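So, here come the structures, one by one.
In what comes next, subunit A is part of two complexes: it sits with subunit B in the first one and with subunit C in the second one.
Then we have the complex of A and B:
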């Protein structure tokens, strides 16, 4: 079964937390994720370019934690694969991750506008 | 155990901290919640906390000192030998989970944090139960 870009159940859980008196919560989570992810992707690309396996592993893990918090399961899987194969990771892997991130960003943008 | 438990969360992922803040400070209405965004000079910072944490949640993959190093250092301190220290990890590797158990973590919660069941799990941890919730 193909993984979804966003796990709707996870998003629903966060939406419920927002609805319990903190309407800004989901929007803040989305904004925080996009901000973190842009920075983490830059560091990850740099680490791959320099073949620094320890940093690749660390950054892939960090970005995966952020992504999974918002239910970005396919992005999380790509990052997990890179984390496990950090020493052989290359910029081809990064292009896949970046493409999936852009899909996540688009869907979250729609969600954000709907929720705002 | 204090009726109003103090909690420390050491975590470098800001989204996880934000979720935990919502769960602990708003949903559970706890007054004594401290978060460290990195593990720099953690030992001095932890020992300076008033009140002393009743529970510590610890991200395993954190820098400059890993969760394993933090646990080992805190367990050498008399005041923290019996405080529940619960690992939080996004790892799904069985070897790491086994390692968490071997080195003496009190339990483990998987990331992303299970927001629907957190309150129950938290109460179980306060009651001294050893919780190993792996996704």
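Then we have the complex of A and C:
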């Protein structure tokens, strides 16, 4: 089964948390994720460029945790693969991750506009 | 009345959902928050901060760092000896709370936090009290 860009069940959970007295919860979560992800991706790209396996592993892990928390399962899987093969990862892997991140960003942007 | 008006709270927490909860619950009470996600940059960020009134540590960070280790790192710097440090954690509280007490934490609050009570608990700790809460209450 092909993984979705965003897990709709997880998104529904987050929507429910927003409707339980904290209407801005989902927007805050999306904004924080996007802000940190842009920073993490920059560091990840730099670490891959310099073949720093430890930093690649760390940054991939960091971003994966947040991605999975928001239900970005395909992005999470790509990051897990990179985390596991950090020493052989290259900028080709990064392009895949970056492309998936842009898809996540687009879907989250639509979701954010619904709630704003 | 804002319970935490003007208070600067430094939080080491890697879970994005928890960070958002902290931000919403504490800024509503007037607190200023600095987040550190992985524990590794704690001392650098503390040095950059002008004044910190309270430090909150998660105990199990996914990068493998323990909140107890971060506690030791902070306390190894004499200039941070007076800042109260608490653990807010989903760890097994019987064990974790005992370790926190023996190390000299100012409190332990089990996750999930109680949104209404949490700012009051923090205000009490900043005022010099200790809070040991096994169920977030």
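Everything below uses one rule, namely that the second predicted complex is superposed on the first by the 116 of 116 C-alpha atoms of A that agree within 3 Å, B and C clash if a C-alpha of one lies under 4 Å from a C-alpha of the other, contacts with A are read in each partner's own complex, and residues count from 1 in each chain.
Definition applied: contacts are C-beta pairs under 8 Å (C-beta built on N, C-alpha and C of every residue); 3 or more make two chains touch, one makes a residue touch a chain.
Predicted model only: the values in this text are computed from it and were never measured.
Asker: Following the overlay on subunit A, give me a clash-or-fit verdict for subunit B and subunit C.
Answerer: clash
Asker: Can you tell me whether subunit B or subunit C touches more residues on subunit A?
Answerer: Touching more of subunit A: B.
Asker: Does the superposition put A:24 against subunit B (first), subunit C (second), both, or neither?
Answerer: The second partner, subunit C, only.
Asker: On the A-aligned overlay, A:88 touches which partner chain: subunit B = first, subunit C = second, or both, or neither?
Answerer: Touch partners of A:88: none, neither subunit B nor subunit C.
Asker: Just to be sure I read the superposition right, which of the two partners does A:33 touch: subunit B = first, subunit C = second, or both, or neither?
Answerer: Both: A:33 reaches subunit B and subunit C.
Asker: Given the touch rule stated above, what does A:66 touch, subunit B (first), subunit C (second), both, or neither?
Answerer: both
Asker: Thinking of the overlay built on chain A, is A:96 touched by subunit B (first), by subunit C (second), by both, or by neither?
Answerer: neither
Asker: Under the contact rule defined above, give the subunit A residues that sit at the interface with subunit B and also at the interface with subunit C.
Answerer: 22, 25, 28-29, 32-33, 36, 58, 61-62, 65-66, 69-70
Asker: Sort out for me which residues of subunit B touch subunit A in the complex.
Answerer: It is residues 12-16, 18-19, 22, 26-27, 61, 63, 90-92, 111-113, 115-116 of subunit B that touch subunit A.
Asker: Going by the contact rule at the top, pick out the subunit A residues touching subunit C in the complex.
Answerer: Of all residues in subunit A, those touching subunit C are 22, 24-25, 28-29, 32-33, 36, 58, 61-62, 65-66, 69-70.
Asker: Mind listing the subunit C positions that touch subunit A in their complex?
Answerer: Its residues touching subunit A are 14-17, 19-21, 23-24, 37-38, 62-63.
Asker: Once bound in the complex, which stretches of subunit A touch subunit B?
Answerer: Within the complex, subunit A contacts subunit B at residues 10, 13-14, 17, 20-22, 25, 28-29, 32-33, 36, 58, 61-62, 64-66, 68-71, 80.
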